[in-house]
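In the two complexes below, chain A is the common chain; its partner is chain B in one and chain C in the other.
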Partner chain A sequence: MDKTISIYWFAILFIVAGAVIYMVVSFYGNPLDVREMEANILSSKFAECIAPDNLLNEKFLSSYDEQIFFDDCGINFETENSFNWKEQKQYFLKFRIFNFDSNELLSEGNFGNSNLYDFCEFQKEKEQSNLPFCLTRKFYSIDSNENKFLVEITSVISKLEKNVK
Partner chain B sequence: MLNNCRAQVGDTLTWVVATLIIIFILLISIFSLNVFSIFSLSNSSKILDSDLIIQKSAFAFLLSKASTGQTFFEKLKSQESLDAESEALLDKIFKENSDGKYYFSSFALYGYKMKFILNSVQEQLRDGPSYYGMDQPVYISENKFLDLIFYFPK
Partner chain C sequence: MKWLEKRGNIIMENLVFIILNLVFFSIMILFVATKMSSPYLMEEKYSKSVALMIDASKPETLITLDFTDVIKQAKKNGVSKEAVITLAGNVISVNVAGKNGYSYSFFNDVSVKSYFDEDKLILLVQEKTAA
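Then we have the complex of A and B:
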């Protein structure tokens, strides 16, 4: 009888341990996709650079060099050195500035890995988690001469390996 | 001998019931964990208290000049309700050129609604069954604020 009970206790121990292991693996095993948050932060940071103190930085109305963008905005596209990310940039940022009244395109600029932007076209109808994440935000801005603008920022983040199973 | 067997049946029954209870508790834990991960973690990134880009548009609106030559900020400060000019510009900023953040699908575009309330919050923001709400107040003075309420689909 004692032998039967000890076998029983071992069986219960394994069942409980198995269930705990299953719960931990199912909770932490799937990566949490944080690219939406990352894209929001990137867009907000860039919006602050385009329109500091809520007035449009007129530098962005002329042609804009990538290095000046990185220096002025304090943004960098560096990533951890895994999955060959150093060679293949994981970020892309595009801005377009329109005249608010006429919708005429006044200026635009692209920074980062422009190949990633192609994936946004596929996702116009429906977002697909196994493709790079695209976020387009628009905001209204004015300059010091009271001209009105509509600024559109598109952020694209790849990083599939760490965010998508 | 017969009495001994009865004692064993009683013991076994106790352990069988105990095992079932243990397994039941484990299954409940596993089920609630799955429900928690689906409803909490996947949606947590969509719930925001404030949004810097919406604030940028709102502040630029307040800094814009109205037809009177005043900024909308100065104009709204002396008003008790929104005038037609302010409403028209706010409409153009937030509705016609709606920000794309929550519109990852075409459905979301139609799920969008916004209200402008000056000087009082008439409606408490509630999360509905198919949308989240975000309240974005922009203070004009100590006790007056422009309240932008956004809805976006779950």
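Then we have the complex of A and C:
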């Protein structure tokens, strides 16, 4: 009787050990996915650049050069040289400015690797962690003449190899 | 005297059983603890969190981070305190395991100075000056 109990007990121990090992390995074996936080910070930083103190920077209403954007906004899309990231940029930013009342598109611009934006279309209904992370934020802004605008910012961060298994 | 012998056997069996269980659970706890304090995990965790902190910082920000555990682990692996953290351009590398380390980039175009005050890492985020 005692022996039978011990056999069952050790069987349970092995099952418990297997489950613990599986959980620990699958939890710690996956890289930490920080892309959502990165995308949030990138959106906030860009929002501060496009509308400092919520007053629209009117430069963004006309055509906007990519290099001026990087210099003005203090953003740098260079990455470490791993997984061929130097050639394929890991970031993308898109902005659209609408007239708040008529919803007419007044200006738009793209910065970074525009191929990444295509993945956002696939994820409109359901987010997929094995694809680049997309984040869209909208906010209201005014210009110096108190005209009202709706600004939409989409940030996309890839960096899949270091954030997703 | 037979009953006394039988009682002795029962105590012995239970004792062995309890010891085996304790050994088993100790091994489990040790396994989890080893995985949690893995130097590779530490490298990834610290490089990503420092990169995120720099991203979220405005110029003239001073960040102080407690690196006691990291330095202790790095010393175990033969890495000096000065070699634990490296900043090259907008890429931060943390080396704890004594191999290549873990690098992660930040997009905030700022100049960052890093140094240690005892076991605390000090990061000074400053505006990039034109060269």
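Keep this in mind: the second predicted complex is superposed on the first by the 137 of 165 C-alpha atoms of A that agree within 3 Å, B and C clash if a C-alpha of one lies under 4 Å from a C-alpha of the other, contacts with A are read in each partner's own complex, and residues count from 1 in each chain.
Everything below uses one rule, namely that a residue touches a chain if its C-beta (ideal position, glycine included) is under 8 Å from a C-beta of that chain, and two chains touch if they have at least 3 such contacts.
Being a predicted model, the structure only gives us computed values, none of them experimental.
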Let me test your reading of the model: by the given contact rule, A:162 touches which partner, first (chain B), second (chain C), both or neither? second
For A:91 in the superposed arrangement: first (chain B), second (chain C), both or neither? second
Quick check for you: in the superposed arrangement, does A:37 touch first (chain B), second (chain C), both or neither? both
Per-residue touch tally on chain A - higher for chain B or for chain C: B
Would you sort A:75 into first (chain B), second (chain C), both or neither based on which partner it touches? second
Contacts for A:13 in the overlay, against chain B (first) and chain C (second): which applies, first, second, both or neither? second
Once chain A of both complexes is superposed, is A:28 in touch with chain B (first), chain C (second), both, or neither? second
Show me the chain A residues, by the header's touch rule, that chain B contacts in one structure and chain C contacts in the other. 16, 32, 34, 37
Contacts from chain A onto chain C in the complex sit at residues 2, 6, 9, 13, 16-17, 20-21, 24-25, 28, 31-32, 34, 37-38, 41-42, 45, 70, 74-80, 82, 91, 162
Give the list of chain A residues in touch with chain B in this complex. 1, 5, 8, 12, 15-16, 19, 22-23, 26-27, 30, 32-34, 36-37, 40, 43-44, 47-48, 51, 54-55, 100, 123, 125-127, 135-142, 146, 148, 150, 153
So, in the complex, the side of chain C touching chain A is made of residues 13, 17, 21, 24, 28, 31-32, 35-36, 38, 41, 44-45, 48, 51-52, 55-56, 89-91, 103-105, 107-110, 128
Which bits of chain B are touching chain A when the two form their complex? 8, 11, 15, 19, 22-23, 26, 29-30, 33-34, 37, 41, 45-46, 52-54, 56-57, 59-61, 63-65, 92-93, 97-101, 104-106
